[in-house]
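In what follows, chain A forms one complex with chain B and a second complex with chain C.
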Partner chain A sequence: MKNLARLGTDFAVTLVGAFGLATAVLLFAGAEPLSAFSALFRGSLGSLLRLGYVMNAWIPLTLCACGLIFTFRIGLWNIGVEGQVMMGAILATWALRCYGEGGSPVLTVAAAFAAGMAGGALWALLAGYLKTKGGVHEIFTGLGLNFVAQAIILWLVFGPWKRAGVASMSGTETFSRDLWLPAVTAMRLSPAGLALVAAALVLTAVLIRYSRAALRLKALGNNERAAPMFGLRPQAYMLLAMAVAGGFAGLAGTIQAAGVYHRLIPAISSNYGYLALLVVMLANYRVAAVPLVAFFFACLNVGSIQLPMVLELDSSLSGVIQGALVLSALAVHGWRSGITKPGRAP
Partner chain B sequence: MIEISGSALLASLLAGAAPILLATLGETITERAGVINLSLDGTILLGAMTAFAVACSTGSLAAGYLAAGAVGAFLAGIVAATSLYWKVSQVAVGFVLTLMAKDLAYFLGNPYVRLHGPSSPSRAVPFLRDVPFFGTVLFDHPLPVYFSMVFIFLCWWYLYRTSWGLELRAVGENPRASHARGIDPKRLRMAYALAGGMVVGFSGAVFSLCVKPGWGRPQGAEGTGWIALALVIFGGWHPFRAALGAYLFAFLQIMGIHLQGWFPSVPAQVFQVAPFPLMIFTLLALNLGRKEPALSPPLKGKWAASFRRPFSVSMPSSLGRPLDLE
Partner chain C sequence: MKVELRDIHKHYGAVRANDGVSLTLAPGTIHGILGENGAGKSTLMKVLAGYTARTRGEILVDGETVDGGTPREAARLGIAMLYQEPMDYPQFSVIENFMTGLSRGLSRRETFFRQQLDSLSRRFRFALDPDRSARDLTPGERQQLELLRLIARGIEVLILDEPTTGISGEQQEALFDALRALAAEGKTVVLVSHKLRDAEALCDRVTVLRNGKVTGTVEKPFSQDRILELMFGALPEPAPRRDVSPGEEVLSVEGLRGTGGRAGLEPVSLRFCRRETVALAGLEGSGQELFLRMAGGLVRPAGGVIRLFGREARGGDARLFRKSGVTFLPASRLEEGLVPGLTIGEHVALLEDRGGFFVSRRESLNRSREKIRRFRILGSPETTVENLSGGNQQRLLLSFLSERSQILLLEHPTRGLDVDSARWTWRRLEDARHEGATILFISSDMDEILSAAGRVLVFFNGRVVLDKRRDETDGTAIGEAMVGKAGASAAGGGNGGAAG
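For the complex of A and B:
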């Protein structure tokens, strides 16, 4: 009971802190805070179609966040999720482009999912190997590989995979209709994506709670130097965590390509990778809070799209609010505990 | 003819490197005192936006530069204060701040996008600019560029030739020992985080008021902060080597622009990311170079030692660690 009250106070202080900051920023910019917040609300939950957009953002956010739970456990800053989403989308697109006359749509889509997850996992393993074998911090490799993945997409969209006649930022040729994931038309939302996220959440929760490997991730994250005493190889577990995170990110990229845009576009990852890092931090590295936080962040993202039209404000307001939320949560948490728990927040 | 174009190239190199050089030196100061400020990328952008907005609305360039410095110090102050007093992870706060400051810059800078604003004029040094080759290279620049060059030596002198610099390094290497000697590590770390952050914010202003005048979305400075963070490591936390890294980077950037002309079919964005894989390779080479004795027979002799020295970097021992004085 006492814990619950404390949690409630922390939650309230965090919210007040973040929205106080956002209000100050809006006032500073000469905008009306209340109309901005109500525009954010109406833009995200105002209609069924808008809710569909929110869910379409929620799916990749939650998937990436699930993967990040594993890398944070062992104390890795997997900033490369963004690139892992893109690599997943690239390989999935490649698989879908192999579809021709007489091919089986079901098999092709299945192959695309396998390829997408493999793509994300390989891109993550590349960052992982550079860390374990090369000693380069994962923040630098991850960030660098994000930019590389973005360049590969641009090169593909403007080069080998360009649309017949015109090459433009609008992306590659749309996939054949047979390959689209089935969607609820009123919301433009694919149930398959939702089912996959639900499965991912359950899988993550079960693995974190019951699997020996996840326990070892946490042990290594808390005290890497104790590892040899238990006969554990930290490097192997780092690579394992990276591969799992990359696989989840690749899955998100596959859904973006096959289920949402039905083609490869330069902005296929839409910053969801970076945002997922904030989601996990705000969720205090716990699976249970991830879907809620991700939903709130997705609402902010979708709601802010309308801001330029309605209030002539830049859509980056959502990023400011999200950052302020995590920052005030970190501050509240730090002020509460007064001491760092080494493995928890690397 | 060749001599003239060569000197012009060198001059543009020195000018173009000014912002990233300042950012790298600023972060070097902060990290030497034991604090990692990961918010560089966002700080540079917010500094650039603030400087341009302030200079536009007040008409004073100096006010723009000062405001950017204040913003940089403020952001660094958040990182330092939360970690020193509440023991929150520096990496976590810095990472959140870098994303948030970037969005804040885009949000608040919206009214200033593609406006025409003031920019620092070139101030040639009388007499010296008439020296044949060096006049063009060194003595015909805007003030911030001169400042960036002088600042390299200023940093070195402060770090290695003053007692304050000794205290700064001591606090980064062994805060407990310096505490025992009567130095307050918390206060010093806070002070140098603020000072370093101010220089980083200032470097943002050098972008928007000098090297790439104006504000936009994207501004063109995106990603610079991350490169600067890597350059601090490349520089081995030493001002001279950090400067060498910044100038090398600027040189490669100019080469990249020329290379782009040779491959017109490849989109420009592909060349813009070239620094990032390069950054990974450099850090990789640096680390493998450090492991050298284990991998290959050790080189012997004085010559070999001087050859290996540039590759052996030493990190401030207590960099990024929570302060534990009890």
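For the complex of A and C:
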């Protein structure tokens, strides 16, 4: 009970801090804070279609966050998750483009999912391999590989996979209708995506709570130097965590390509990977809080699209609020541990 | 300054490190706080120094209640603590460390502080070179630096946590003289220790803690039996050393050499048999640490061969060594042995090599309960290991030894443990040896080497300079070998062996 009350206060203080900061920014920009917040709200939850957009952002965010839980466990900063989403989308697109006359749509889509997850996992393993064998920090390899993945998409969209006659930022040729994931028309939302996310959340929660591998990830993340004591190979578990995170990211990329855009576009990952890092941090690395935080972030993202039209504000306001949220959460967390454990040993 | 602690409680979850401690510290005295490991001595002092927040209780200074919640307030009151680990900046020079926290404003005023450091050093007969890097100082010198810095800051109450661990006899004498001088000036000195000898040599009054409670306060002159009784309830029995004849060879090295540490390790060839207890003695960094880590598969040798049970083993493959029955228990328990943030139960689950995909909570709970009972660990399966005292952490580590542990490699197995815990540890190790295990241990405690080992190896400057059965040597010979006074003829292990 006491813990719950404490969690509630923390949450309230975090929200007040974040919106206080956002309000200050809005006032500074000469805008009306209340109308901006109401525009955000109406823009995200104002209609069924808008809710559909929110869910379409929530799905990849949550998937990426599930994967990141594993890499954070072992203390890895898998910032390359963005590129892993792109790689997943690329390989999924490749699988879907192989579909021709007489092919089986179901098998092709299944192959696309497998290829997408493999693509994300391989891209993550590449960063993991450079970390474990080359000693390069995963943040650097991850960022580098993000740029490489983005470059590959641009090359494909403007080169080998360009639309007949034109090459444009709007992406490759749309996939055959047979290959689209079935969707609820009023919301432009595919139930398959939702089902996958639900499964991913349950799977992650079960693995983290009960599996031996997750316990080992935590042990290595907390104290790698004790690995010999327990006969653990840190490098193997780093690669495992990266592969799992990459697999989830690749799944997100596959849904983006096959279920949302029905083609490969340059902005296929929409920064959801980076955003998922913030989601996990704000969720305090706990699976249970991930869907809620991700939903909130998705609302901000979708809602802010309206800001330029309605209030002539830049849509980056959502970024301000998200950033302020994470900062306030970290501040509240630091303040909490500061008053309970003064002067902890360095 | 008179300091009173009233009914101090400090709880870590279910563990009551301090359970209603009341204590009065009188000015001008040296007050000893004795107790076995985990009795709550360090916790109590950290509470007084504002380093740890107390759960409840009162602190009175000269009769007035103080908040005493932060190091800053403690510093304002003149309460300072000399911690077990040096709290300095290794990359700074002595004078820079000294000035840290003293020099305020824009100007460093280095000349002034050099003079101050110099006069303080003279007064306490400490030999500190102001321009040396703190990294290059011995633990004793770092302690002297820290002490002078605290004195320069202005202290009324000085708390010392196990100050005689790891310093030389000469440094200890200088330290004790300094403490007596401070007490004569009217300062209050509090000495936290589990060494009776320190307390007898220095203290005017001793308060004994057990299980977080005060069991008694005695005045000088002390009765050793009375203090031991207060510390342990009943007097501990000495560890018996049963004679068991060594068996077949289990571990051998040929031309093993390594780099790292102060001296590295020159090529050495040695063999170890079943049921042997071998002490690896030597000044710190003489090669024994490197040898033990290579024998445990933690460090890859620069050359030579390691054979486990007659089979050549690939050096540096810790998992292979562990699977073959080699268990290495490090001296730094929380850094290399245990995982902070994980509970006892989670540690027990981690140890199961052949477990299924999922962890069976009930099974690991039952197993940890059994270990907690059998190894007398003060804690529950849900206690995180950083909340255990040093002695209990060591007990937990020892509980990791399994029937499969055939070769035990231990770094300072009883360092930082009280007499009772140390004896208990050796009883467990003797049991293991009786059942056929081979024990190699590093120790800097001559009593431990002489009482526990059946064979003694002395390392000096990266070479083995003495290899004798315990009954063929004595403390003097071992001590001389440690400082390099033994002739090269005393070397038992071949030193010029093939390096490959």
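The working rule: the second predicted complex is superposed on the first by the 338 of 346 C-alpha atoms of A that agree within 3 Å, B and C clash if a C-alpha of one lies under 4 Å from a C-alpha of the other, contacts with A are read in each partner's own complex, and residues count from 1 in each chain.
In this text, a residue touches a chain if its C-beta (ideal position, glycine included) is under 8 Å from a C-beta of that chain, and two chains touch if they have at least 3 such contacts.
Just so it is clear, the model here is predicted, and its values are computed rather than measured.
S.K.: Could you classify chain B and chain C on chain A, in the superposed arrangement, as clash or fit?
M.R.: In the superposition, chain B runs into chain C.
S.K.: Kindly classify A:L215 by the partners it touches after superposition: chain B alone (first), chain C alone (second), both, or neither?
M.R.: Touch partner of A:L215: chain C, not chain B.
S.K.: Regarding the shared-chain residue A:S316, is it in contact with chain B (first), chain C (second), both, or neither?
M.R.: first
S.K.: First (chain B), second (chain C), both or neither: which does A:H333 touch?
M.R.: A:H333 sits against chain B, while chain C stays out of touch.
S.K.: Touching A:F230, do we find chain B (first), chain C (second), both, or neither?
M.R.: A:F230: touches chain C, not chain B.
S.K.: Comparing chain C with chain B, which touches more residues belonging to chain A?
M.R.: Between chain B and chain C, B touches the greater number of residues in chain A.
S.K.: Once the two complexes are overlaid on A, one stretch of chain C runs into chain B. Is it 38-46, 92-100 or 488-496?
M.R.: Answer for the clashing stretch of chain C: 92-100.
S.K.: Pick out the shared contact residues on chain A: the ones touching chain B in one complex and chain C in the other.
M.R.: Looking at chain A, the two contact sets intersect at 340.
S.K.: Which positions of chain B touch chain A when the two form their complex?
M.R.: Interface residues on the chain B side: 38, 78, 82, 86-89, 91-93, 95-97, 99-100, 102-104, 106-108, 110, 217, 223, 226, 229-230, 265-267, 269-270, 272-273, 276-277, 279-280, 283-284, 287-288, 290-291, 322.
S.K.: If you look only at chain A, which of its residues touch chain B in the complex?
M.R.: Interface residues on chain A, with respect to chain B: 25, 28-29, 77, 79, 130, 134-137, 139-141, 143-145, 147-148, 150-151, 154-155, 158-159, 274, 277-278, 281, 313-314, 316-320, 322-324, 326-327, 330-331, 333-335, 337-340, 345-346.
S.K.: State the interface residues of chain A toward chain C in the complex, per the touch definition above.
M.R.: Within the complex, chain A touches chain C at residues 210-213, 215-216, 218-219, 222-223, 225-233, 340-343.
S.K.: For chain C, which residues count as touching chain A in their complex?
M.R.: 50-53, 69-71, 296-298, 318-319, 322-323, 328, 330, 335-342, 346, 349-353, 355-359, 361, 400
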